[in-house]
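Next up, some structures in structure tokens.
In the two assemblies presented below, subunit A is common to both, partnered first by subunit B and then by subunit C.
== the complex of A and B ==
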């Protein structure tokens, strides 16, 4: 394969198209075009410039990750954070341990808390109906010490369940923020680009 | 030197070079790669991030015999950031040096 400017720019563009908005893509491409132009004015060859820049695939990967993390920071959504996390995995296998594992752990934890919240919320009304039935002396056996206490406990359960769900919302927001900061730190330290020398 | 380590200090290097003078991309890249062995292609994404963060702005300027070049310039915020990061780095480097020298003393 010929390692010249046209090929470098072509690969870079094709890897970034669809991820970056038009304007940003053109801006980035213009930087690399200028780099080749000035380099050649200074007497360097295409091949030499290619080698010291690092492969266009690696450079494109890095730009993609930065863009996706920035996007996830600007617009909070599950989709955006998933895209950012997946792109970060491309930077190196160790990110399976340092990014994917904590991310999955976090998701499982949030899911468990959510299920607990929903269970409490649902169990409340069930216990409430049961207590009322008991007050009317309908069921044959009693679970509560007193049906009246059962009514208060059932209200308490639903309130607790709702509180857990509301708390979870803030917890998720907090973790989203932490995750973004962590990803930014991760990409500023970890490089997806092999050093040529 | 460990390449991971180098990438971590790339930001302060870029800010520091720009604190001395405005640079076009190739100039900045050569200035840094002259001293630090790193894939030059990673400096441009970093410049874009610094621009997004508001530390750097760009302007076009005519060049002698060629198309206009894009110059990178530190903003007021960028200067503040450069100061902070430089102080931080100096303290860190001094501590590491002191530790390393202390270790050498002990070995002698």
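== the complex of A and C ==
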């Protein structure tokens, strides 16, 4: 394979097309073209510049990761953070342990909290109905030790469930922010660059 | 940047700016916290004040009814040299099983499956000459239903097979099974309330006995040995009466080959509104 400027730019462009917006892609291509131009003026060869920049595949991968993390930071969504995490895995297999595993654990934890909140919110009114039925002395529905206490505890269960769901939202926001910072730190450690793309 | 915020995080934007007639998200949260705390305090306070939350090992401090049987509480009443026994069982609500096979030298052994604080019966015994009397009583829960409901209550009672006994069983709500074929009965009185009752006197080889069975709302099944010399006097109530292997003459039901000249097992059944099934097997 020829290791010249055209080939480098072609590979870089093809790897980044569809991921980055056109303007941002043109800027990056322009930067790398300029880098080759300046290098050649200083007497360096294409091969030498290619080696100093690193392979266009690696460069494209790093740029893509930085872009997706920045995108996830700017536009909060499950899809964006998921794409950012998956892209980060491409930087090294060890990120299966350092990125994917904590991400999955976090997701499971948030899911469990959410399920608990939903269960409390749903079961609260159900338990309330059972309390009323129990007060009507229908033994088949006697689930409470004391139906009068059951009425109040049912109300408490419902409001606690709603609190958990709302709290879950803020907790998810907090962990989203932490995850973005962690991904940035991870990228900077691996690539040795600051993630500001 | 601020103009972009709603697009970037729409839910946060709407939640943060939720305003329903002055009801902000902060107020909603504060109300929810207050409702949660107050509700739990009142709910568990009622349980604590009404004595439903006992800090003992068998109580799980749960506001829900216990659905599983608790650790059984077994009591053995020794014969203490008595040659006969009078046993009275009174249960308000719960399931009871009575059978033979009490331990040697014991008139009765009972195992109660219930909470430690609730459902435990009062067991009294005394000896009068050669006769020992045992009463095991637990009536219905005295507490108001608004504050308390019945917890599961199961009794397993084993009676001596070696001495003759007078057995008096009063049942309220709940099912009961009396397997008395191995006992030596002098008399048997069973009063059934709302539950189903099954009395099994098959293979009975003790002395002749007199039995009175008062059936209430629930169904009654009475099984006797076909070879026994048994006569059943039936006072019919509202429910159906089914018989199997028994000879009927007016209100009397007898086993095949019944001979009034021989010692007779007399059973009087007073039917309530439950159905009765008589079987001679």
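Definition applied: the second predicted complex is superposed on the first by the 186 of 197 C-alpha atoms of A that agree within 3 Å, B and C clash if a C-alpha of one lies under 4 Å from a C-alpha of the other, contacts with A are read in each partner's own complex, and residues count from 1 in each chain.
Here is the rule we go by: a contact is a pair of C-beta atoms (placed from the backbone, for glycine too) under 8 Å apart; a residue touches a chain by one contact, two chains touch by 3 or more.
Note that this is a predicted model, so its numbers are computed, not measured.
Q: With everything superposed onto subunit A, say whether subunit B and subunit C fit together or clash.
A: fit
Q: Once the shared chain is lined up, is A:32 touching subunit B (first), subunit C (second), both, or neither of them?
A: First partner only.
Q: One more residue to check, A:62. First (subunit B), second (subunit C), both or neither?
A: Only subunit B; A:62 stays clear of subunit C.
Q: Please indicate which partner A:188 is in contact with in the superposed arrangement: first for subunit B, second for subunit C, both, or neither.
A: first
Q: Regarding the shared-chain residue A:150, is it in contact with subunit B (first), subunit C (second), both, or neither?
A: second
Q: Pick one for A:52: touches subunit B only (first), subunit C only (second), both, or neither.
A: first
Q: If we overlay the two complexes on their shared chain A, which of subunit B and subunit C does A:174 touch? Say first, second, both or neither.
A: The answer is neither, since A:174 touches no partner chain.
Q: Is A:94 contacted by the first partner subunit B, the second partner subunit C, both or neither?
A: The answer is neither, since A:94 touches no partner chain.
Q: So, A:160: does it touch subunit B (first), subunit C (second), both, or neither?
A: Only subunit C; A:160 stays clear of subunit B.
Q: Enter the shortest inter-chain Cα distance between subunit B and subunit C once the structures share a common frame, rounded to whole Å.
A: Nearest C-alpha atoms of the two chains are 14 Å apart.
Q: Taking the touch rule as given, give the residues of subunit A at its contact with subunit B in the complex, in rising order.
A: Listed in rising order, the residues are 24, 27-28, 30-32, 34-35, 37-39, 41-42, 52-56, 58-59, 62-63, 66, 70, 188-191, 193-197.
Q: Within the complex, which stretch of subunit B touches subunit A?
A: Its residues touching subunit A are 3-4, 7-8, 11, 24-27, 29, 33, 37-42, 44-45, 47-49, 52, 66-67, 69-70.
Q: Give every residue of subunit C touching subunit A within the complex, in rising order.
A: Interface residues on the subunit C side: 7-9, 11-12, 15, 28-29, 32-33, 35-40, 42-44, 46-47, 50, 52, 62-65, 145-151.
Q: Quick check on the complex: what are the subunit A residues that touch subunit C?
A: Residues 74-76, 134-135, 137, 139, 142-156, 159-160, 162-163, 166, 169, 173.
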